[in-house]
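One structure, pasted below without further comment.
Going in written order, the chains are labelled A, B, C, D, E and F, and every chain counts its residues from 1.
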Amino acid sequence: MRPNDRAKDQVRPIKITRNYTAYAEGSVLVEFGNTKVLCNATVEENVPRWLKGQGKGWVTAEYGMLPRATHSRTRREAASGKQGGRTMEIQRLIARSLRAVVDLQAMGEIMVTVDCDVIQADGGTRTASISGASVAMADAFQYLVDNGKLKANPMRGHVAAVSVGILGEDVLCDLEYVEDSAADTDMNVVMTEEGKMIEIQGTAEGEPFSHEELLDLLDSAKKGITEIVAVQKAALAD
Amino acid sequence: MRPNDRAKDQVRPIKITRNYTAYAEGSVLVEFGNTKVLCNATVEENVPRWLKGQGKGWVTAEYGMLPRATHSRTRREAASGKQGGRTMEIQRLIARSLRAVVDLQAMGEIMVTVDCDVIQADGGTRTASISGASVAMADAFQYLVDNGKLKANPMRGHVAAVSVGILGEDVLCDLEYVEDSAADTDMNVVMTEEGKMIEIQGTAEGEPFSHEELLDLLDSAKKGITEIVAVQKAALAD
Amino acid sequence: MRPNDRAKDQVRPIKITRNYTAYAEGSVLVEFGNTKVLCNATVEENVPRWLKGQGKGWVTAEYGMLPRATHSRTRREAASGKQGGRTMEIQRLIARSLRAVVDLQAMGEIMVTVDCDVIQADGGTRTASISGASVAMADAFQYLVDNGKLKANPMRGHVAAVSVGILGEDVLCDLEYVEDSAADTDMNVVMTEEGKMIEIQGTAEGEPFSHEELLDLLDSAKKGITEIVAVQKAALAD
Amino acid sequence: MRPNDRAKDQVRPIKITRNYTAYAEGSVLVEFGNTKVLCNATVEENVPRWLKGQGKGWVTAEYGMLPRATHSRTRREAASGKQGGRTMEIQRLIARSLRAVVDLQAMGEIMVTVDCDVIQADGGTRTASISGASVAMADAFQYLVDNGKLKANPMRGHVAAVSVGILGEDVLCDLEYVEDSAADTDMNVVMTEEGKMIEIQGTAEGEPFSHEELLDLLDSAKKGITEIVAVQKAALAD
Amino acid sequence: MRPNDRAKDQVRPIKITRNYTAYAEGSVLVEFGNTKVLCNATVEENVPRWLKGQGKGWVTAEYGMLPRATHSRTRREAASGKQGGRTMEIQRLIARSLRAVVDLQAMGEIMVTVDCDVIQADGGTRTASISGASVAMADAFQYLVDNGKLKANPMRGHVAAVSVGILGEDVLCDLEYVEDSAADTDMNVVMTEEGKMIEIQGTAEGEPFSHEELLDLLDSAKKGITEIVAVQKAALAD
Amino acid sequence: MRPNDRAKDQVRPIKITRNYTAYAEGSVLVEFGNTKVLCNATVEENVPRWLKGQGKGWVTAEYGMLPRATHSRTRREAASGKQGGRTMEIQRLIARSLRAVVDLQAMGEIMVTVDCDVIQADGGTRTASISGASVAMADAFQYLVDNGKLKANPMRGHVAAVSVGILGEDVLCDLEYVEDSAADTDMNVVMTEEGKMIEIQGTAEGEPFSHEELLDLLDSAKKGITEIVAVQKAALAD
């Protein structure tokens, strides 16, 4: 049995709290069980230098973990003087995922930066980040619409993500930390709200996986993402 | 009148939430009005190299601000590759303040690190950090006592801090951001629960201040700190 | 038509030159068309600190591009003072892929580091790196066997990788630079010589991709990898 | 008794040598007993980017210690790749202190940078730096007046600083190294020549200090600063 | 006897391969025996900021070693976060040597950067780099002439370099690694094709050297450089 | 005529002040005209890790310039986060020069570090540094002898250095800044007190130089170094 009697294809309780902090144009606390990530979207009315003058916008992301988000303390990246490879990998993934559902051309020369800071880490921080950042970004775009800076929200829909994995014989959805560290295969899947794929990143930590296992993983991910999108929509409907 | 009809010598509503995150040995969310700081205390059973073999413990602190804790986005220190001078100054102050109320000899070769991460910044983040860190540290020491690692809590009492300032003719206690940026003089005062001084740092941002003004500032600080200590004690009594 | 009249599912001419440099325990120049990567495997008889005393070995990788491997000059990472996010992401992928086919337990406390340095970049440098590094690593293990440090080669088989992508309506195998920059979807697939999956990383650069497109991409990748494994085996048979 | 039979409230012999080096617009060697700091003021006719176009000037400071200014060798900060927290704290203090006596508006878009480099350290390097930098800055402003770049010197008066401390029962003025390392409380006081306060920074290294002790410390500091200002004025009168 | 029966004043077999990579405006693989350096010259139509608007060009160089160019693996400078002192020294030497044979005024506001990356190191990598970079730079200038960006090649002639040394009683030309590490004196000599001196850098690693020994070293260097220039000219004549 | 009516082969007035600061085991202020360098030698009773256990000592050096040692302010290397190429080149040269006159075997496992910090720069700072560091090192070794740590001073004699150059038709000795920046060729020569060569580094900044010019430069350098050694000996005889 999984912890808390979860079914194999069941995601953890997901909670999305909007307007979590006061200053960001979009501010979301996203919780997947014990994993808690604060996603703050910032609007700036200029774009990176290499994009200037093209009339297009940009969406980017940064990711960080508070030192004691984890079971034992992780060294603060600001103190060690650089962001590690894992951090860079994750923030690049979040940013690509967000851009995949935005019409950059329709944004004009505006930049949205989503900071995803992990308050508590119990597995799946990158997929929770993407799922929460999508809502924070939606609020930031609504802010721009409300303030007359944009005519319409340039998002084509939501983006959501979940991790799936193979543990022994089982395909599990939304792994928590103890499951993740024991899994043979770990896959992060990012999809549009229509269930089309934006990113899949699967890694065999132990045994290589077969074509059939891949299909099972994708199946499980799709089901999970459907649930996450429902929570995103409900949060935005409030 | 001050924002929210505060009296000149009145601190903002202070709230201390213990066990805010799940893994740290002491975890406190401290709120001074809109200023919110997460203070996580970590226990490690070894000390810095320069202290090894002396049978003494150590208490240290690190400070950070989430990029969008502030009205406009601040660059992430991990991304810029170093902690700024302000960050270093603050984390050194927090650490000294905490050590001032701990019997390091009684700790044995144990290290406590308190991470103070600002979730939302509305003035007084360093004094809120100290006030919250004191409670997080108390919980961490209690954890060590409960687990038989220490016979008794080596804290000699609480440490609390508040900022005071001169704005025009007025001496104000616990300045929020709009007050702080307009103040002529800004002073941070750190005291023991008995009202003895651990640190005072006063800066004339505009006009130099007189001896009498200093006395008024200290008076106001002492009153504020008394209230903060009461909140600390109430929080620990829960 | 593809450049050089390639069929959609055809890999570029692949060439693996062993013993390319004189000092490394395994040294391979791998060419996928105009993409050329030098893969040097180094044997060291100690392991990273966190692994010491466990009787296990370790395999790691580093990746770099010569500044003028690309059409226009890329800034030297040693001069800019840090490895970029893309570099970190790639070297982590190479290392995981190599470890997936090695019995670390059987290595004893030995470390193999494979340096993949791109001499010329025309798309697919990370997949060429993995495919070449597998051969360099095999030579390094053979060196350890020949010198009596290991009883048997701890590799369970070869690992090979290829990039596949969707360009317009077409699924293409082993994209070169001009194809890669125009592709809607880009996927890197890493497989064992038996065709089981070690890593898949698919990204929708433009339109999200469907389940059917994913299956077509995997199909194309599997066919390409079969050819690459044949070249690896032929090279080692020389 | 204090070293060299000093009275408790007596500052060390203070010496200010102007024009110590040949190129700086203001160059002062300041000596407080064995503490020797070279303060070089540089004039540049542009201001930091964030200040451009406002018609205001800027005063800043940097601080460093030669590696063998101290009893045992301190690692060179240029070699370790960053300035430590103590250095940053000190140079920020010096800069704030200098700005407190300058009418930045009256400077026009000119920047003065004062480099304080410690040749020999025997306690009180930051207060000696401030006291010497005030004179170097005065010379730099005079240079601007003499060259027709400024109509009048924009300094409102001198700024001077001294450290005071509590050692056992005694309040001591201008602590040297052996006193400083044994003191319970250490306070740096920065004042205008009229004796108004610009900065006070007091730290209880051992026992917290009382209100009465603070008053005694300030008293002692004020007396010491009066003497330092006299030396500053005499030096400038030469 | 020297390795491979070389005479004392004999350079190793030298080979210069042009157009070694596909994208650089000048691309040369230079081999001095087992020392192999890839020299890629890049043309950019702008100059460093400090040179803008003067109508002059600039030539610069960077140097790097692949981690396994050496007998044991050298740490990757990009990973350690900075270029070492040896690297900086060498790339400054290469750049000065190249500029010494170029009429910067005649270049116009164009910059040529030559990247010298050591593929295999067996002594004399800096002198091989200079000798190869001269040819790569010549090709880059020819590219500019062929494309109508320059009317004539601004090089005044070739620049070539060789290392000479004293080993025991013998003066040796073009030292390989085993000779270099045993030599008492090591000298790098850079000359124009007419045999005039651009740089000499001689170091007594063991015994100081006499005036007579210096003359013998220069004699040997001049003879070696004559041979290298012949190879450069032959390569460019192909 | 040269500035101050110097003859072509005449060195500037040289002054060596011993015991310039109080704490270093050897402390020398060396002046070559307006060039002033503080050379502090530190003794530590351990050696770098790679030398441990071999019973040998080590001599190393670091070099720095105070920001306003120069006509216009140079950025502080500690603030920019790294030592530049010129600094590294110079400190490596100083260290090699010092080691050339020391019997490292006779030192035992002791390390001497000489910090050369330029207080005022008017050309020839590296050669002044070497000439002053030799005396500071001699004092440090004498300190070790006096304290019974060494039986005898392990220096084989003094090391001294001078810069020479060609300006127009003239060979000049000990160039000051205005001469140095105008010179066609600049050469730094390091010799033992017997006039044997330790290092020569000659660079053609403008025209390449001939064999005859080299001989003239060496001649001039030798004469200058003879005078410098006399000043070194006189200083140590005091």
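By our rule, a contact is a pair of C-beta atoms (placed from the backbone, for glycine too) under 8 Å apart; a residue touches a chain by one contact, two chains touch by 3 or more.
Since this is a predicted model, take the numbers as computed values, not measurements.
Participant: Can you give the shortest number of steps from chain C to chain D, where adjacent chains in the path must touch?
Facilitator: 3
Participant: Just send me the rotation angle from a CA overlay of chain D on chain E, rounded to the nearest 5 degrees.
Facilitator: 120
Participant: As a test of understanding: of all chains, whose mean C-alpha position lies farthest from that of chain B?
Facilitator: Centre of mass proxy via C-alpha means gives E as farthest from chain B.
Participant: Would you kindly tell me how far, in whole Å, the mean C-alpha position of chain B lies from that of chain A?
Facilitator: The separation of the two C-alpha centroids amounts to 33 Å.
Participant: How many angstrom lie between the centres of chain C and chain F, each centre taken as the mean Cα position?
Facilitator: Each chain's C-alpha centroid was found; their separation is 50 Å.
Participant: Could you check chain A for residues that touch two or more other chains and list them?
Facilitator: Residues 81-82.
Participant: With chain A as the start and chain C right after it, run through the chains round the ring.
Facilitator: A, C, E, F, D, B
Participant: Which residues of chain D touch chain B once you look at their complex with the stated criterion?
Facilitator: Where chain D meets chain B, its residues are 82, 84-86, 88-89, 91-92, 96, 100, 191-192, 194, 196-204, 207-211, 214, 218.
Participant: Within their complex, state which residues of chain E touch chain C.
Facilitator: Touch list, chain E to chain C: 21-24, 27, 34, 36, 38, 40, 42, 44, 62, 64, 66-73, 76-79, 81-83, 87, 113, 115, 117, 119-120, 122.
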